[in-house]
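In order of appearance the chains are A, B, C and D, and numbering begins at 1 in each one.
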């Protein structure tokens, strides 16, 4: 198996930055892929140890390609999550000053997330769509761009011979993108006490109350969801599966019982991993749902069944 | 330990009939007790192998003394249930004919359950309250009664020198009384496939949603209730515990998980027994709640935790 | 119609005390009835303006006769509730001292509720069952009792020529009995802000989830229950209706919507009244469930339907 | 106000086909817009009577731009929905035969949805990404394409001088795209009996059980959902609102009560319209949730409040 890493490219985007934020990456080889599916297939084929892909953004929402690749195809497992603030740099050819910028190129999402900044600092500047933030930076560097500057990830400045005209650009200062490091299926990382579990629940056809049933399986064991998204099964309009993140680790008793419950009542459940939660928010554990509560209650049940105690 | 049986007397009532309906009683000694608590205490002290007591009636409802005795005090366990149709006999001294009956004595419940029969067959007859149906029969037999006939359990005719003027008397032909045979705590009888489980759930103080929470624990595992009664804790108005019968046996996976859930979220749970269901109604087992469903889902969870499958 | 009051007697019991605690009773005629049904029928026949009957006790639980009379027969309406502490007096013939008491007679419930007091203050005294606390007091006063003293309601001392040997007797100092003043159906008393609503919900046959459904109707509008009791319908074992008290007044928007919901999903609903809550505990009104919340939301819906606002 | 229609272009796509499928469009002017937001803003500014935009696809899922535009900005209202099967045509310059096609250009989604067809009928053909299916057709027609044929909507053949090499191309024969005709806010179309209602529910911050609460509001009135999607609020990761379609019309009593319930418990609710359901699937109306059931129950409540009936 390859010991390098794959990521959804091109080079110089936030996804590469997310990957390089991991100490274990160090100077091992990394490979950009043109699609999320390509990066994940590199893991499936054993050509990469793991792949970094974006999974959701606080402004744009879930990344369908990632959600659907994880839900279908050969199983994979989420090993880690990385959060990066959405904060752009304005890049130009060396020698160009901010005052000289009359047009800015970038990916539409980037332009949308910096609209107010542009209106304030570059009033009247034209915006031009590019395939990616990195592609805009490359075109500026190479002098092939039809625009004067590129809005790109800060790390693009390290890849291309450009000057940084401004940094920390973001209309919404709290905007963040969440990335996941995805590896082959295996034993989940050990619980840290502040973990998340990801899964996909497939419901039985024509079962209108299925989502309520799924949520009740979580609620009755006091497990909070942190993300839930419906995705079409592809069969017909109105057939969905649900991509879910919840608090806790699969080794937690309450999370385990939720998974058993989902597995029983759903048509299928795919476990996508348990991993340390990047924002460090500790789970809420309502009365009666700690591991000790489960252990005590199960010991009591064993005694009851054996006639040792009523 | 005594190898005889206790029952809530006096002799000649339906409770004795319920006890004698059990083949295992045979000619082992039986002992009537003046109170439900007295009969159950005979078991607690080891003076009787088990005690037969009434627990509910389709017309009168639950028997508070039985419910409270089982919920409090030294633990006991329900071993069996017996259903008897509520059907009275009209008893008089030999030689008295139905036409001569001007007054009828019995326990208020018995008179209430035969009101329409009396109005039709003995219009104008006066009714007189007695301490029990058997006491009325005894008074008639002994000639000390202030009434001409007694409404009593059919088996009273075997205890007292009386004539049976009419049988099968009941306004509501479906009326039935349910009795339970109560023994010391121990290993529950083996599952028969058509079983019931009885328990008492004590809720935390000042928890308005507690009953909804309790019912959800059953519903989420597809376990139907067959009886639920609130009983005061005795501390203050509005503090209740719940006496519950549900379908299934404590050895069933779904019933076990319900019990674990209740044990976790309630202040306390007392298991009262799992035993064959007298009416032979098979439980409903919704999709995903059979023992095989639990076993498969738990095996899947074990694989997930070990990294053998996602 | 009679302008006097009926009550469940005999004279000198707590029920009479509850009735006489109402200022409006004053010196209007009051009439004791031998049964709860008798007292309520006096109202049904117009012979009494209202009747006082016990409905629950913090130690003994609900009073089946009252629950069933209110649930069936000609409709009646609860106008008020009265709470009385359960606190007995020990009564004897004048000249008898506490030290001379060797036996005590009373209703079984009364003896049960004073067991610890008797063990401490009259160790070794025999207890004798009587038909009512007042009957025991009367027998002591008349000299026909087989016991030296009677445990009775304090007000029995006003009815019979007896001496009070001790007062405030109760093992459980918080024990209380709740009485309801029941009148003919009509417009409920105006809301006070601290009200209770009583009703009976009849479920459809063979509907195992019916109780969960009923509780959800309350929960989804944030209405807390203060009492819920199952009562048999009388048809067959396992068929129940539910006698329920909840916070709030039928004129409250949220209580009204609960009633509409119950009426829709239940086989039948009987409204038993809205009345001031005797313990003065204010209702909890969760976010979104006040009358103003309902009014605003309904005004919004009206605008949406009319196309005045989306 | 303009009496023409806007749509999300370019010309020759499925969205234009959806718009032209409406009889009322006839030969009134239609205007393509480069973005969903542009088409909807034309309605907001009064330059178009309504705009047709795609909202979900049975393979790709929801269209974020449409969902977010409807959820935010100046209110709009869905007037109709249109379903179109996803079925492509293979277009080439006149004179080119299927055998001669060595490369195919189209939008990535189109290529993805025809992958199996291409592998079977054009094994070895290269695929080239284009900005839209219509752009690929235009490039083929103009001779500027780097590929021999375009996969496009059938109606593109009417816009460009191209020959149709194959029709009805789709790997998943049931694949369908759903479009909505969006107009200014106003009175919803009259109920047809087979309607859908769309809305957006904004939850209070930090309220983990909010989705369960929302679903319960629907469930308790027996209203089925046909679509639910979470969308980020943009504030921070984990803050969502929910875009929901349900069965029924806002004029239905049960749908109205759901809306009132959501309005009360959510931070905000935006009504997006009630309109005839394109697939003709009649709603399920569980016992107790018809308009007549609501009317009867509300009439009963009015009588209860007035004292006319208990």
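The rule is short, and it goes like this: a contact is a pair of C-beta atoms (placed from the backbone, for glycine too) under 8 Å apart; a residue touches a chain by one contact, two chains touch by 3 or more.
Note that the structure is predicted; figures quoted are calculated from it, not measured.
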item: Smallest count of steps, each to a touching chain, taking chain A to chain D; value: 1
item: Intercentroid distance (Cα basis), chain C paired with chain A, Å; value: 59
item: Where chain B and chain C are represented by their mean Cα positions, the distance between them in whole Å; value: 26
item: Where chain A and chain B are represented by their mean Cα positions, the distance between them in whole Å; value: 57
item: Chain D: positions in contact with at least two other chains; value: 216
item: All pairs of touching chains, each written as two labels joined by a dash; value: A-B, A-D, B-C, C-D
item: Touching residues (chain side chain C, partner chain B) in the complex; value: 56-61, 64, 83, 172, 174-176, 178, 208-209, 211-212, 215-216, 219, 224-232, 234-240, 279, 284
item: Residues of chain A touching chain B in the complex; value: 75-77, 185-188, 204, 216-217, 220, 250-251, 256-257, 259-261, 263-265, 269-273, 287-289, 293-294, 296-298, 300-301, 304-307, 309-310
